[in-house]
Amino acid sequence: MRLCKRFVVFLALFALLASALAGCGSGSQSGGSENSAVKKVEIQPGEKVKVTFWHAMGGHNGEVVQSLVDEFNKSQDKVQVTAVYQGTYDEALQKLKAAGPEGPSMIQVYEIGSRFMIDSGLITPMQGFVSTDKWDTKDVEPQILNYYTFNGKLYSMPFNTSTPLLYYNKTAFKEAGLDPEKPPKTLDEFHQYAKQLTKKQGADVRYGAGFAIYGWFFEQLMACQGASYTDNDNGRKAKATKSVIDSKEGETILQWWKDMIADGSAANLGRKTGDSQNAFMAGRVAMTLESTAVLGNFLSGIQNKFELGTAFLPRPSASGNGGVIIGGASLWITNLKPEKEQWAAWEFVKWLATPQTQAKWYTQTGYFPIVKGAYDQQIVKDVLAQRPMFKTAIDQLRGTKVNTVTQGAVIGVFPQARVKVEDAIENTILNKATPAEALKTAATEITKLIEDYNKTTK
Amino acid sequence: MSSKDRLGQVLGYAGLILAAAIMLFPLAYAASTSLMTRAEVSTFPPPLIPADPSLANYAELFRAVPVFRWLLNSLVVASAVTLGQMVTASLSGFAFATIRFRGKALAFALFMSTMMVPWEVTMIPNYLFFRSLKLTDSYTALTLPFLATAFGTFLLRQFFMQIPRDLEDAARIDGCSRLRFFWSIALPLARSGLITLGAYTFLSTWNQYLWPLLVTNSKQMRTVQIGVRFLMNEEGLQMHRVMAGVVFFMIPAGLMLLWGQRYLVRGLMAGAVKG
Amino acid sequence: MASTVGSPVARSRPHRSLMEWLEPWLYLGPSLALLGTFVFYPLLRSIYLSTFLTDLLGRPKLFVGAQNFADALTTPKFLQSLGVTVLFVLYTVPLGILLGFILAMLANRPVRGNKFFQLIFSSPLCISVATGSMIFMMMYNPVSGLFNYMLSVVGMPKVNWLVDPRWALFSVGLVSIWLRLGFNFVLMISGLQNVPQELYEAARVDGANGWSQIRHITLPMLSPTIFFAAVVGVINAFQVFGEVDIMTSGGPAGSTSLIVYRIYQEAFQLFQFGTASAQALLLFLVIMVLTYLQFKLGERRVHYQ
């Protein structure tokens, strides 16, 4: 073989080409401007405007989105919406960044992506459509509306809101001699219960608890303690400049998590929430933390294998002054498409925010309605009467005081920050670092991310 | 037959069956899971065989996602890439094998060097390239970058080199042009090489993952691999339905393998090693 | 079709030699154009990108020279990824080739049904990364998955397959080996079928038994195949992405963050096309060195017919 010689030839050639390169090609520039006032563009009679809608609702909830889209398309003849599932919230947002000018007319983005969306220059603020169209925001839940209002301007339309719940196996509670109507309220109680619920049979273990390594739970447990994620009141008073998660409250959470894994009362199920859901439905872990939105999925996966219970997210101490973060996702109209298409998207957004649509959305998925009027709809009343478990989530939301902690942090690099926190949790429960060390590292890394972000977006 | 031979025979079969069972187990488990209900999938101990096998998951799959469109996309992309590679690789392989020309060594080295350039290096600029042309989410983006390969060129060159020089000389004396010689003599002789390349290319294109993940945006343009991935989601791991997709989408590739396997066995090495 | 040689039409000499000069390039043209557009041009563009920092949408913004390379080489995460990738190559390539060889030896025996077994052993060729990974992910669940259930049945302690950093890379490797076993098998069996039978007969006359036949005939005769499988295997192992994307996302604690996944994250999750390009180019360098070493070392040991 003469490959060695060919190799040398290739190297030489490569060097030559590389040196001849200097200053070849340049990046394309495209910027967006933010105008509050949007001139209304009417859709002419007989005209049909196409709207692409990217969302992050998979499985059952994705089918509900599709059925709503179908219903909307049938209800009028001016706008034709195409919904495209783009994977998880993270993936959908990444897809938008990657697609750039090839993006959709509107997209569903999770609450922690809000700051990025505002800074991205890719969107037309919702306020423009609201003002021009004189749409009344009075019926929207004020807590939810506030979350998406920045500097007095509504940037996106809230769509789905969820909070984390404690799901538990009532049958296992009874077996272990625990009262199934008295789920744990604090983290310490949760740990105690988990120990009692853990059952060893030879090499096999049924764990007391198990939930995914998911940064969202950390954020929620921080908020429950009234602790902030970043400085400047979670970045709501002024732009956040550094992360403050390396606090006493943060350490409490990681220590609790680590202790349960260490004494074998909780299973480490990795980062995939699906794995934890499956373990819970199979009766392999007796308690788990999950979003309110998986209730429907749990009910269909458990059937009559055991009795399901729902409760508030356990708090670090019984008398915490914080609460769960009012989050979820909202709908953004992009500026990538002609104005007419943006207005067509607004028609769809408006339709999604009606009490009738929200009532369907809520009863079929478990996401809270964003408008109060939805609770007056008969289907909502029926479901709440039949399935009291749906009420746990509403009670938890309504019991939450609105402040900068429960509003959640506003940073442009939140998705990346969440991953750093997950690294910290992982390193702690795998005994690679103490809670304090792990959080210190995460906080430093997040601060660096925030600094870089603030540098590139002015 | 001596008893030692018979023992060898039995052991040989035992080995074959054991190995086959281990290799097929994941597939069998997937197929079995695809026939279970939602509740049954999340049961412990995990059942190996569905209590009440049902095709409901398949029906559900066909209803919920455009499986046939994805199938069509994958077929179009894999066929186009296969055909394209057969054309480009046979032309360039033929040139390298039969024509003497200045700069051949350099050109060949250039070709072969592309085998070493990892896909990671070219992925980002290629993505930006298609994005700037507004061609993401199209068959063009899914196929164009793969229409030529050094591997195919190399493989077919080995086959063309086995054609006796005399044959070409004789054809030339009879007034046969090079292109005609290529088309009506060389190509038919390299048939098994072409099929090898075709089967290999088809299967590897069919199974592509990262590139289609990057360049497809709409539901209508996804290939089966990306479609299957999006069956997985956060609000509930519906493995019974995912497995129905997994099994269903394996069928076309399986048929391809059934047809092309013997060519693969004969051709892949015949071309690749004797050099 | 006009013929170039023996054509009755007389041509002037320079014209003819131009044709002759041009002809091979016409054959190479399509391939050259495509490879140029999708391999060489991107390679150069990568080098350009690697000298920039990009903004939040991945547009080159700030020229930084070689800073991205220096950063990559001093970032523990990039070095960890390189280490993990090398370990992954060592786990999967030799074992994959060995298993392929064993399967090929089993299925190459002239027994009834061997064609059927050959088909089964090449079956992973039609299993994609996405589907294979999902099947295994289901079986790997630490508390409700099939694997740990089977271990508990035989009284063995459970293994936290994808969740334990000590096991995760191995678990991902297992899936990778299985997925590529079809290819390795096909390579090995076609290699075996090219070994002349007379060699074995001669050896039998000399009284060589099974093992010494393998050692002195099969392996030497198969060495070019094994060499080819090793080169292709290493190149492929350096490009493993789907298994990690679907099963572990690079975790736990970075233990499965193979280099492609790392670059993908840098580029398409963090939108740092500059640093990602620098990392990809460093990887290119590593692969070149490795391939060169393989040829240097391999050529001495390979027996060509």
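First chain written, first letter: the chains are A, B and C, and each begins at residue 1.
The definition used in the following text is that a residue touches a chain if its C-beta (ideal position, glycine included) is under 8 Å from a C-beta of that chain, and two chains touch if they have at least 3 such contacts.
Predicted, not measured: the structure shown is a model, and the values here were computed from it.
Trainee: From chain B, how many touching-chain steps at minimum until you land on chain C?
Mentor: Shortest path length, in steps: 1.
Trainee: Which two chains have the greatest number of C-beta pairs in contact?
Mentor: The chain pair with the largest number of C-beta contacts is B-C.
Trainee: Where the centres are mean C-alpha positions, what is the separation of chain B from chain C, in Å?
Mentor: 14
Trainee: In whole angstrom, how far does the Cα centroid of chain A sit from the Cα centroid of chain B?
Mentor: Measuring from centre to centre gives 37 Å for this pair.
Trainee: Specify, in ascending order, the residues of chain A that touch 2 or more different other chains.
Mentor: Only 1, 3, 7, 28, 98, 100, 272, 275, 278, 282, 284 qualify.
Trainee: Got the chain C residues that touch at least 2 other chains?
Mentor: Residue numbers touching two or more other chains: 40, 45, 143-144, 268, 288, 291.
Trainee: Which chain B residues reach two or more other chains?
Mentor: In chain B, 42, 44, 46, 116, 214, 229, 232, 239 touch at least two other chains.
Trainee: List the residues on chain B that touch chain C in their complex, please.
Mentor: 9, 12-13, 15-16, 19-20, 23-24, 26-27, 29-30, 33, 42, 44-46, 48, 87-89, 91-92, 94-96, 99, 101-102, 104, 107, 111, 114-126, 128-129, 144-145, 147-148, 150, 153, 172-173, 175-180, 203, 206-207, 209-210, 213-214, 224-226, 228-229, 232, 239, 242-243, 246, 249-250, 253-254, 256-258, 261, 264-270, 272-274
Trainee: Provide the residue numbers of chain C that touch chain A in the complex, in ascending order.
Mentor: Answer in residue numbers: 40, 44-45, 47-48, 54-61, 137, 141-144, 151-152, 155-158, 160, 162-165, 248-249, 251-254, 268-271, 288, 291-292, 295-296, 299.
Trainee: What residues of chain C sit close enough to touch chain B in their complex?
Mentor: Residues of chain C touching chain B: 1-6, 21, 23-25, 27-35, 38-43, 45-46, 49, 102-103, 106-107, 109, 111, 113-114, 117-132, 134-136, 138-139, 143-146, 149, 178, 181, 186-187, 189-191, 193-194, 224-225, 228, 235, 238-239, 241-242, 245-246, 259-260, 263-264, 267-268, 273, 276-277, 280-281, 283-284, 287-288, 291, 305.
Trainee: Which positions of chain B touch chain A when the two form their complex?
Mentor: The touching residues are 38-39, 41-44, 46, 64, 105-106, 108-110, 112-113, 116, 127, 131-132, 134, 136-137, 214, 217-219, 229-230, 232-239, 275.
Trainee: Under the touch definition given earlier, write down the residues of chain A that touch chain B in their complex.
Mentor: 1, 3, 6-7, 9-10, 13-14, 28, 52, 57-63, 82, 84-88, 95, 98-102, 104, 272-275, 277-278, 281-284, 291, 293-294, 297-298, 300-303, 305
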